[in-house]
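Next up: the structures, one after another.
Here chain A shows up in two complexes: once beside chain B, once beside chain C.
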Partner chain A sequence: MIKKLVLLLMFGFIFIYALAATVPLADISLETSIGQTVIDRGYDDTASKNLVAAILLDYRLFDSIFEAGILLISAAGVLYMTQSSEYSKSVPRSKEATAPKDSDTILAVSRILYPFMLLFGFYIIVFGDLSPGGGFQGGVILATARLISVYIPEKASENTDRLNRLEKILFLSLLSLGLVSLVTQGAPFTNFLPRYLDPEIRRFFLVLLNLLIGLKVSSGLTIIFTRFVKEGR
Partner chain B sequence: MLQLALILLMIGLGLYGLATSRHLIKSIIFLNVVEASVILFFLRLFYISEGGVPILPSLGAEPVDPIPQALMITTIVIGASVTALALMMSIKIYHQYGTLDWKILLNKEDNQ
Partner chain C sequence: MYLILYGLIIFFIIIMLREKESLRLIIYFAIFSLLMSVLYFLYYAYDVALAEIAIGSALLPLFFIIALGKQKNFVVVSRVEDEFFSEKEGCPGFRLLERFTDSFDLTLDIFFEHHVQIKGAFRERNVDLIILKSHRDGKYVFVMKKSSILHHKLRRVLQEDPRIRFEIVEEDEIYD
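Now for the complex of A and B:
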């Protein structure tokens, strides 16, 4: 009881302190923020109409690549932890915890939904620099489409080791694609196409990057999903 | 202002839950609460009423600051990775020790 009281007092103090620190931030304005520069110059600099994608795929490409790397590490960790199929004795695995009985409705609907989800995922990825979306979001949709395919019995289960290898290759190609601009532009992690080209042509770099990120994220999340499903069964 | 205070309260609640919860899954849930309220905090801080989306052409409305949104995508992806890893670890811990209670787990750790 005393412990909880002390904790409450501590968090109350932190709360009031943080509130006092946030008061001057409340009327922060865009004019003094660096965001105004992005809004003014983003399209000319990066050829991306979606300014969030402009930051993610050009100004701060370095961060995005290693953010994708963190997902790779997480997927590899899940893969590593589920590698051994030996379980310790303390919890007996229920013998008939087999696959739940698939209802016909779910089967039929997932069969219909599967190609549309793939299409929607690729749409979100490819148009990431024109409309809301991008590699990360589209990759999650692709991965959920793969998850739905778990319900389709004819489909063979995913080979997660192969997927992990694919993800590593995609991550390395992302890194090397980011470094191409070191040769052509003299600065790493930016668009490798020269600035005098038409924005419609320079867009190619963004679409390529979005595709790579999307495939990488989808393979990483598919590894996590399938391993969780296997672990649960 | 009131909204910011409420969001800060949410962060505080999440931290309190992290410090007091005895169940591992509850700890993971509170971690997600903290993460979600941090995201809310950033987005609320740079919110402009009747601002447009930061996508050109912005159709007359003044677009909101795109930088916090780009930062928050990073937070969401990393949060998902951390949650997935933590959940898988908790499954493994349950298989190993048969419990997810922090106190029992710490006692077992001491006895070994």
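Now for the complex of A and C:
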């Protein structure tokens, strides 16, 4: 009950704040294009060398966070819809052992590929503000790596309930990280580190945000396909 | 350069539309996504290209392949009914198929041709296996579609049986 109330208050606050922060269209001067403005001021404003990441993680952070929320909701929906089929069926695991094994080539290739894909995913996430990529793309790569690990028999399958809890926690921490700047900067959903600091230090916010988004996306997609693989077995 | 790329993308779209076999269709889809991401890359949309390559040519094809592998029912249409294959529990052909379907957690559905009119009862594509009897050598012929990914597995399980011969046919040849 308290949890629900807190969530409701949080969303209500965000909604009202978003309504209050809307600028009438007539007030926006169109003398310089928005793209040119971002190119000119992007690095100074956001400390991100990748201007796409500058828009995603600073200028339009509000949109990005709720985009991440959509994935949370869809993962929760998949979890809810496939709930019954997993618990009602208690098929013994030994049946799998008697089945003929999958191809040895796939097994060997996925064993070799798995650690490299994890590494590449983390690289894409952490360097999201310097080079193309970011939380979403890196998260998808991490999820693909875990999807490949389905073919590795020694690896235990994911516990989806725990993953869903992790995803919820990550989403809430994303939201609260976006709101920290309300205290320090006076405006929500922007970098909470003050402007006069060195860009190399202000970069910390973007890396943190990318990491959270990446882990959230990867756990959401992992939930979806783990349920998908298990369902009906 | 761009023209070749556009041509390739349109070529693969047409191939995808004309392809009936699911596994090959997935691979064409992955190639199409790869080409699209090259197009994004050439138009300087590096982030979009990365997202397209990660989702379109890695995650979605893997999803689809797993979905194909998760076939639940194994539909058999039998045109023979004798001591080798009939509805009775003890007959050897039935037991062989049952062992196969049990090991893959499939449900075995058997239809006999003279009981059911096949074309009216269900769609043509849903049939996994047709059992015939060859007049030439007296063997039982197991006809499977090439598109069904189970045919490798069934073959591996049943290969040693001398009474059975396998035939893999293309999609549209199945009703001849």
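Basically, the second predicted complex is superposed on the first by the 183 of 233 C-alpha atoms of A that agree within 3 Å, B and C clash if a C-alpha of one lies under 4 Å from a C-alpha of the other, contacts with A are read in each partner's own complex, and residues count from 1 in each chain.
FYI, contacts are C-beta pairs under 8 Å (C-beta built on N, C-alpha and C of every residue); 3 or more make two chains touch, one makes a residue touch a chain.
Owing to the predicted nature of the structure, the values given are computational and were not obtained by experimental measurement.
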Which superposed partner A:Pro132 touches (first chain B, second chain C, both, neither): both
First, second, both or neither for A:Ile124, with chain B first and chain C second: second
Which of chain B and chain C A:Phe116 touches, first, second, both or neither: neither
Partner chain in contact with A:Ala143 - chain B first, chain C second, else both or neither: second
Contacts of A:Arg227 with chain B and chain C, given as first, second, both or neither: first
Chain B versus chain C as contact partner of A:Phe62, first or second or both or neither: neither
First, second, both or neither for A:Val52, with chain B first and chain C second: both
Touched partner set for A:Leu71, first chain B, second chain C, both or neither: first
Chain A residues touched - chain C or chain B, whichever exceeds: B
Interface residues of chain A shared between complexes with chain B and chain C: 50, 52, 91, 132, 134, 136, 228, 231
Chain A residues touching chain B - in the complex, by the definition given at the top: 4, 7-8, 11-12, 14-15, 18-19, 22-23, 25-26, 28, 30, 33-36, 38-39, 42-43, 49-52, 54-56, 60, 63-64, 67-68, 70-71, 73-74, 77-78, 81-82, 87-88, 90-91, 130-132, 134, 136, 217, 224, 227-228, 231
Chain A-facing residues of chain B, complex: 1, 4-5, 8-9, 11-12, 15-16, 19-20, 45-46, 48, 53-57, 62-67, 69-70, 73-74, 76-78, 80-82, 84-85, 87-89, 91-92, 94-98
Chain C partner contacts - residues on chain A that touch it in the complex: 50, 52-53, 91, 95, 98-100, 124, 132-134, 136-137, 140-141, 143-144, 147-148, 150, 221, 225, 228-229, 231-233
Complex interface listing, chain C residues touching chain A: 46-47, 49-51, 54-55, 58-59, 62-63, 66-67, 70, 72, 102-105, 153, 156-157
